[in-house]
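Below are two complexes that have chain A in common, paired first with chain B and then with chain C.
And now, the complex of A and B:
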């Protein structure tokens, strides 16, 4: 093999760089996302109740939003959702975010972890801690 | 029964004439449709505006109405006219009613700005061309633009005879004062088409559209399908103009031009 030593040194350097992400993360667990419901509005509630159970909302919130969107924008059904006397508008901006006023700790927590970039926020604007 | 060549040709000829006549009948019907002879609303509601151009007081009056709409809906003010976004704006008589030129118009009318907005047509051409059904006509007669479904193809902009639609060439948020925008209404994003919505979110709360509210009675809003509505009463007693009625789009914005000493 011509220039064998140089090739082997080169291969070792290449492997070291290529596998760096793997060995540098050995034994470390990625932080499990913990969506935070610690907002003034939610803390002020006697009974912490959303439009559906937390379990359901974790899995299906995107479908809920999708259905609300079609009902409100396309079918004009702007009726509100009443949960135990508390009224929710079928709206991301004027519904969800009224209680969950901490987008970065509630929405982005999981979205960043899962690597999803929902484009809701391109139009639906939200100022952190608005309420 | 035997049919000789002569008989066959006679029958074939007569059938041909019959077919031709029935097709021509269809054509005449088509023509009647396009002429807009039937103008009665098809559903129970057809929302409309009647704008009395003489009741809007000067520059301030127009500015107040336009700002009321644009503020509530977070419409950006983009100085570059190629990128501008407008929901309600003004233009001259000549540009607003190009099909009704009149060189002897009173100076007052010639120089007057006319408030223009989406006509929420009864037969909207924008709806016909939209490939994704992002724009559609709802049962109240509102021509709705659903930005969620808009792919930004701009067919609707080409189809609209009134220039009522704007495309977001740039991110509108760069031209909005994000600290002072209406927190209850979304902005739009780059790459979608937008226009006047006729304020369904306000109608749902029992409010009038923002422009009508800010107009001090110059813009009357109501249901054309209801013969007792205020808009119908005004239309019964005043001669009104609509923009480019000859196209057959049946616009729902009516302009009372007379007024002043000639008020009827």
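And now, the complex of A and C:
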């Protein structure tokens, strides 16, 4: 090979970059997130039901919140959501988090695992245990 | 023809992944086996290609130059366009890799009242930069799927990229720029008759493939959402060499992944190898020192030379006898 040493150094750099994800995780635990629904309000419910199925909420909860935001703030539609007799306010803090009062063990569990930082929390400052 | 062929090849790839998951449920094949095979092909193919290039001799000293060569000390010379030293070459290479400097010289040729005229044309340079930089940012952001815990830097890049705060999940600029730039590069190939004439399936296919990857990613993020937690379980298991593919992720993810695997396999055998090739381009990596150092063609055969000095040594007496002048008595 001509200029072999330079080319081999280049190839080693290439391999070091390409295989970065393989060696950078070594020695770090990769626990699977377990969102926790063990809160006083949820435990007190007869029927553990959210505004939609868990399957739907997993993928679309952010869209639900976005739509509520638009309806409440921009259109002034503050009507409540009724699920099997239970009434939910269209609100993050006064709706969702009445039941899910454990942000760090519910919301953050998946958000930090997936590297998601919703900017909702920039304004909706939430201190655990204050609700 | 090349356009339709390439387009339908990408459609075919999408269909293969779709039916492989939705109809046949081959999660391990499409989630684990093909990605590993593709990654290994990419790495080994890349290494072998570069080694093959490294073994090719450079017969001539061919730095393309766009400025004054180094000559006399009182003549200013162009240190970056016509470097005579290694440091100058490194400077030129850095500008080439990060700023696409030689593409900046791209010209548009046209007929003007019967005369050929040249005009500056920066759109290719601009779209090329947008395409490559957004691709790089998307790739770096994707590390959040492979690293656990996610480094703070990746989260920061993600929020900077989504600084417009449009929609939830927030719209990531680089993904959109990537798709638009790829479409512009396609538009450029088809709208200009000369460029279209020289374009081959090998030019269209990677564009469609990358546009397909970007589009499937965008669909998966904003429209037909997948179970991101399960995606990350799969990707982390790939990175930890464990390889287990959970079910219920959503078919669109496997379409995205299969197109990426195709890109990885295709990469070492295609023009995309310019990623490695730029560093091995003699016109970029040779200093213009042809007046300072002698460049010998490495494949020159061994020539047996008989210098005049040796010739005279051999025949001195006979030359003297014949009255021929000699240099050494």
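Everything below uses one rule, namely that the second predicted complex is superposed on the first by the 101 of 131 C-alpha atoms of A that agree within 3 Å, B and C clash if a C-alpha of one lies under 4 Å from a C-alpha of the other, contacts with A are read in each partner's own complex, and residues count from 1 in each chain.
Keep in mind that, in the parts below, a contact is a pair of C-beta atoms (placed from the backbone, for glycine too) under 8 Å apart; a residue touches a chain by one contact, two chains touch by 3 or more.
Computed from a prediction, not measured in an experiment: that's the story for all the values here.
Enquirer: What is the contact status of A:94 with respect to chain B (first) and chain C (second): first, second, both, or neither?
Expert: first
Enquirer: In the superposed arrangement, does chain B or chain C reach more residues of chain A?
Expert: Per-residue touch count on chain A favours C.
Enquirer: Given the touch rule stated above, what does A:119 touch, chain B (first), chain C (second), both, or neither?
Expert: Touch partners of A:119: chain B and chain C.
Enquirer: Figure out whether A:48 sits in contact with chain B (first) or chain C (second), or with both, or with neither.
Expert: neither
Enquirer: Which partner does A:110 reach: the first (chain B), the second (chain C), both, or neither?
Expert: Only chain C is touched by A:110; chain B is not.
Enquirer: Show which residues of chain A both chain B and chain C reach, each in its own complex.
Expert: On chain A, the residues that contact chain B in one structure and chain C in the other are 119.
Enquirer: Where on chain A is chain C touching in the complex?
Expert: 1-4, 7, 10-11, 14-15, 18-22, 24-25, 28, 30, 32-33, 58-60, 62-63, 65-66, 110, 112-119
Enquirer: Write out the stretch or stretches of chain B touching chain A in their complex.
Expert: Contacts found on chain B: 136, 138-140, 144, 146-148, 173, 178, 181, 183-190, 200-201, 204.
Enquirer: Help me check something: in the complex, which residues belonging to chain C touch chain A?
Expert: For this pair, the touching residues of chain C are 42-43, 46-47, 50-51, 54-58, 143-150, 154-155, 158-159, 165, 167-170, 225-229, 232-233, 236, 239-241, 276, 279-280, 298.
Enquirer: Okay, in this complex, where on chain A does chain B touch?
Expert: Those residues of chain A that touch chain B are 69, 73-74, 76, 78, 93-94, 119, 122-125, 127, 130.
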